[in-house]
Amino acid sequence: MSAAAATAAASYSLVRQPAMETGLLEVSMGPHHPSTHGVFRMDVRLDGETVVALKPVFGYLHRNHEKLAEGMSYLASMPFTDRLDYFNSMTNNWAYALAAEQLLPIEVPERAQYLRVIMAELTRLVNHTSLVGFFLNDLGALGTPLLYAFRERERILDLFEQASGARMMCNYFRFGGLRCDVPEGWLARARAVVDAFPRFLDEFEKLLCENEIVLARTQRVGVLSGAQAVNAGITGPMLRASGVNYDLRKVDRYGIYERFAFRVPLGSAGDCYDRFMIRLLEMRESLKILDAALRDIPTGPVMGNAPRVFKPAASETYGRVESPKGELGFYLIADGTTKPYRYRVRPPSFINLTVLEDLCVGHTIADAVVILGSVDIVLGEVDR
Amino acid sequence: MSTPAWHEPVLQQFPAVRWDGAARALIVPPELARAVAEWLTQPDHGAWDFCSNVTGVDYLPREVKEKSKRPDGTEEIVVRTEPGSLQVVYHLYSVAQRSGPLVLKQVVPRQAPAAVSLTPVWRSCELQEREVYDLFGVSFEGHPDLRRILMWDEFTGHPMRKDYAEPQDYEWEPTPHGDVLEKHRRGKVIIA
Amino acid sequence: MRLLGFGILKGMAVTLENFVRSYFDRDRRHHLFTKEYAWEPGAPAEVLPARADTTVTAHSRNFPILLHDGADPMGGIRCVACQICERECPPQCIYIEKDYDEQGKYIKRPAIFDIDLSVCMSCQICVEVCPFDAIVMDSQFELSTANRFGGLLQHRDQLLKSNEYYHRIHPEEARARDDRMAQEKAEKEAKQAAADAAKKKAAEAKAAAEIAAEKSKPEPSAPTAGGAA
Amino acid sequence: MIEGVAFYILSTVAVLGALLAVSRRNLVHGVFALLLFFAALSGLFVMLMADYVAAVQVLVYVGAVGILQLFAIMLTEHVTGDDLRRLGARGWFWGLMLAVALPVVLLLPPLLNGEPPVPPAAPQSTARQLGSQLMEHYVVPLEVLALLLTGALIGAVAVAHGPEKDPPGKDRPA
Amino acid sequence: MTQTLLNLLAIAVPLAVGFASLFAFTTWLERKILARIQNRIGPNRISLPFTRFRRLFGLIQPAADGLKMLAKEDIVPRDADKLLHLLAPILSLVPPMMVLCLLPLELPYATAGMRALQAAALDNAVLLFFAITSLNTLAVFMAGWASRNKYSLLGGMRAVAQMVSYEIPLVLSAAVVIMAAGGMNAQAIVEAQRAQWFIFTPWGLAAFLIFFIASLAETNRSPFDLPEAESEIIAGYFTEYSGFKFALFFLGEYLAIFAVSGLAVTLFLGGGAGPWVAAYPALSCVWFLAKIFALIFVMIWLRGTLPRLRVDQLMGFAWKFLLPLSLLNLFVAAAALKLAKPWLSWPVGALVLYGAAVALSRSHRADAAPRTYSYAE
């Protein structure tokens, strides 16, 4: 048990007094609960309203994605990756394509590289806006920030639909490029969306960032130190909110990210407010990338010289990308057939749940909901 | 793809550790795993502070046919059974030095597989080792909370093993399926 | 130091602005509101549906359909029941049986082609792997039935749609596909023609050779004849 | 006539509420029955044209004392309220004696006098009178009471606060 | 006798029926306003059956909702306390219904006899108001306890703690008006504001703001809707209620909103006073309702904007911010009323109150402030 949990437990023992014996209340929050972000359960033990212990329970959506993928061809798993983190199908696609392209190197054409970056950053906007909306919903705002977020998300989903045919389950990336080019006029429409986005962010920040209730509810709630975060494998905005400068777009420089100038916002306190603000700030940086990518994108093919049947030689690889929720990795073992011998997804939201109990203990049940919201999980990915 | 030789200091420090060049992974005997892990986290040994990915791989026993020459010069085909194994794979990165991945593998037998938990070293293994325990059946010594994680507690078997045979229809017994069928028999639901 | 509640007032200004602008801002009225239906007047052009009776746009994909050329569905069916899509379908929702004539000869069309829409996940892999451009994605989604066991199993004749229909729902994509097919066909024909020409040439050459051989034949035969004589 | 009917209804409710309050095994039910009794009592006050007292009765007894009792029950080990153990009835004799003696003592003087007391005419503007009485005639007892209550409040806070403890999330330097 | 009864009915029945139908309208209004705040359209699909009237801006929606509620199955948990589970929604409806009669609405057809009979004419109308609304707490507790659900119980306990705490600033801020008007008769309070509404004095404004905030908490409105905090405890004390019992809670809640807004209008906003009332007395009623709806609009607006406070912050706000401020306000008002020199007492009063509020703000959010962030290249 970590230090934070230990101090909380100590203060709890002080509350217990012989004269006023109070019992603990065990509440099973979920799997049917409005704010567990899907079918997720938290077995919470409460002293009054204070969380004494919390155990996350999941697996309700488990479909053994990995086993399924080991039974089908490499390409056939691509649409299933959409369904991992169904908010970010584009980055899921990318992570899988990246790992597969490490198994069997295929040159990705320039235009496809740019489109990949554009899609990934648009996905990041989708994820972060919605996350902020959901987070505020967990705080008790009656859907207003969420619907503002969805208003913007809708525009981006329209773009996704026009490019890939589907709004959420895009299934757009292929080993060596993209399934198809974007339709005519798409780049101009994307440009319009990107140009209008800062106005929305301004509105969002005005609505939320100085709101005393938001400040009071999120600051110094669920504090996670940088060292603890690294040790617990926390990745993504949650890690950077704890002040650790580790963004795979900078570290691994996959794709063509080294061509874009963007900064990585870092939090200082590692509390819920930082996690929320880091996401807001990251969106601004994503807009910078989008701006440059839409400006520089060349014409040309979007599919590299991929073999008709994807059949890598026996080898193993681990490919990872900076998905909006954290490090999304694919560990593939090829055995020389058309099916992967081992297919493993490293789901960021699953591993980010490692520290949930440490963050929640000592706070109230209302904070537990907020902390869970700030972790940003999607059960499709946690349970796989 | 060439990666720097991060593994070489480990091999020098721990002679029992082997290097699998094809998989580009360090094969660590389970009894040494904790020591190797703790050694690796030291700043001057690479500062591998971030264990990104933990998973299992199941290798079934397989038959290998080998030609061998008899002393009299005729050839003979010898069928030899290679024992299967379970591997627990750790992908390590260093946030401090921005290096990685260094792959660590614990290889354990398929019967009663017991690996050593690295959760005390890297907290990020906690849920992932539980998952390996759940889906592959590898038990981890020293894990603080080794329970099933994705499957339900009453579940038997380890679905990610290659020889796992799934039951005919999961949905039949525990879901309302049966009730629905019963209703159908009474003429309330039409099944095409 | 400000009074408690100043940030709240700032936020309230934002919501009030949205409230007021929802009535007066044209952009917001037409673009950002929940669209009741996409064909609602004033909806921007790029989201307009291809047909008036669906709510989906020309780019969206839904479930697969089989294409046929010409007016007769079975006459012009493109599918040859090669079963590649059946094998590649990630959720395994396609079931195909080949068709045979009375003599038991395979006649390059499916006898049974079923897609279970309750299983299909609209991933479009079948479209990609099809070498015959026989299967494409529909945009029709009003498919609900009261029958949950098999009501969503679409059979061959339900799945067959004409190429014109495809042009109606996905004009751009259909045009591109037709162009490519025409090009491929032209290439194939050219190849065929070349092959034919080559064959012809070869045949001619062969014939010529044969003729030559014929011509030269008597010569060796002569001695035989002679020999025989 | 209407007053008579109302009186009997309210009295019946009050008596029933009181009986239920002492007879229910379920503590929460008992408290709710007691609150019913308080409410009926305030109805009786209204009938006496003492609407100020009636309002205060509701505000203080139903709104505050009742809630306090419910809170107290929530702090006991049986949060659900039903305690199936039989309570010992050892004091029943003295209880009965008390129950008989109280009305006798209260009702004895008028019974001996033989004539019912004449109720005084209901004073107008009871709130104002009460206020001025409290502030002028009974100011010292009022202040003493206020002091007592403040002391009790501080004591309650001290008890609830418990011994010195660290605020959560802050590590105190050793 | 009969005449009195008839008069009573003539007052009570229109109030009950009128406010109940206003409830339906208010649910529609709330959904519409929230929808517009959130860039949605809101309910607009229900048409009047058997007529040409399609949609009607969704005004028929509440009727459809009501029918739906009536038709729904009434689910009582197996382990619930059946009797209390049934009584709680009814009890939650009674107090707001009763206090609505205490509002000094000048019904257009009211005769002098009827006006004298109105509960608002009681000497202790305001006190009665607070007394009866405190009963609401019981209903909430009853519902939370009787459901045998942990969320319900948590919600019930939260509600009780919250309502008891916020009753104090509520009463204290009303006390300022009672002091100024010299009585608790609702009609007299309105009468006392003939020259000037109490909200237009520094202490009146402060009292109004405190009253309004406390009334939000009393009626469990956002941002104080902890007892029914959806994201935390599902629906709080009415988690286990369905069908018509749920509708009754809903109705009770809205009637309480009417009642408390009506009281705010009475105490601070001059009751039914407004332009042209002198010429057309019937307008008084309209003005009264218009002011109520203005307050309700603000409530909806707040609900569309704000997240929810936490329990400890909620209690802290009541005890450490509102209570001291309302106590101070009481002194300021008393001093100003005694002084009776507006040119002196107003600026001083305003300054004192503002200073106190700022000082309390500072102590209240000393550690919560927006931050600046660093970037790594």
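Residue numbering begins at 1 within each chain, and the chains themselves are lettered A, B, C, D and E in the order written.
One rule holds in what follows: a contact is a pair of C-beta atoms (placed from the backbone, for glycine too) under 8 Å apart; a residue touches a chain by one contact, two chains touch by 3 or more.
Worth saying up front: this structure is predicted, and the values here are computed from it rather than measured.
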Steps needed, at minimum, to get from subunit D to subunit E via touching chains? 1
Of the chains shown, whose Cα centre falls closest to the middle of all protein Cα atoms? A
Most contacts overall join chains A-E
Relative to subunit A, chain with the most remote C-alpha centre: D
With centres defined as the mean C-alpha position, give me the subunit A-subunit E separation in Å. 41
On a C-alpha centroid basis, what's the spacing between subunit C and subunit E, in Å? 61
Residues touching two or more other chains, restricted to subunit A: which are they? 144, 148, 151, 207, 209-215, 220
Tell me, which residues of subunit C touch at least two other chains? 4-5, 8, 11, 14-15, 18, 32
Which subunit D residues reach two or more other chains? 79
Considering only the defined contacts, which subunit A positions touch subunit B in the complex? 58-59, 62, 64, 66-67, 102, 228, 230-235, 244, 246, 251, 314-318, 320, 327, 329, 331, 333, 341-342, 344, 346, 350-351, 353-355, 383-384
Hey, which residues of subunit C end up touching subunit E in the complex? 1-5, 8, 11-12, 14-16, 18-19, 22-23, 28, 32-34, 36
In the complex, the residues of subunit C that touch subunit A are 4-8, 10-11, 13-15, 18, 31-32, 46-47, 57, 59-61, 88-90, 121-125, 128, 137, 172
Hey, which residues of subunit E end up touching subunit D in the complex? 1, 81, 84, 122-124, 127-128, 130-132, 134-135, 137-138, 141-142, 145, 148, 153, 157, 160, 164, 167, 183-184
Which positions of subunit E touch subunit A when the two form their complex? 34, 37-40, 150-151, 154, 222-223, 225-226, 229-234, 303-313, 365, 367-371, 373-377
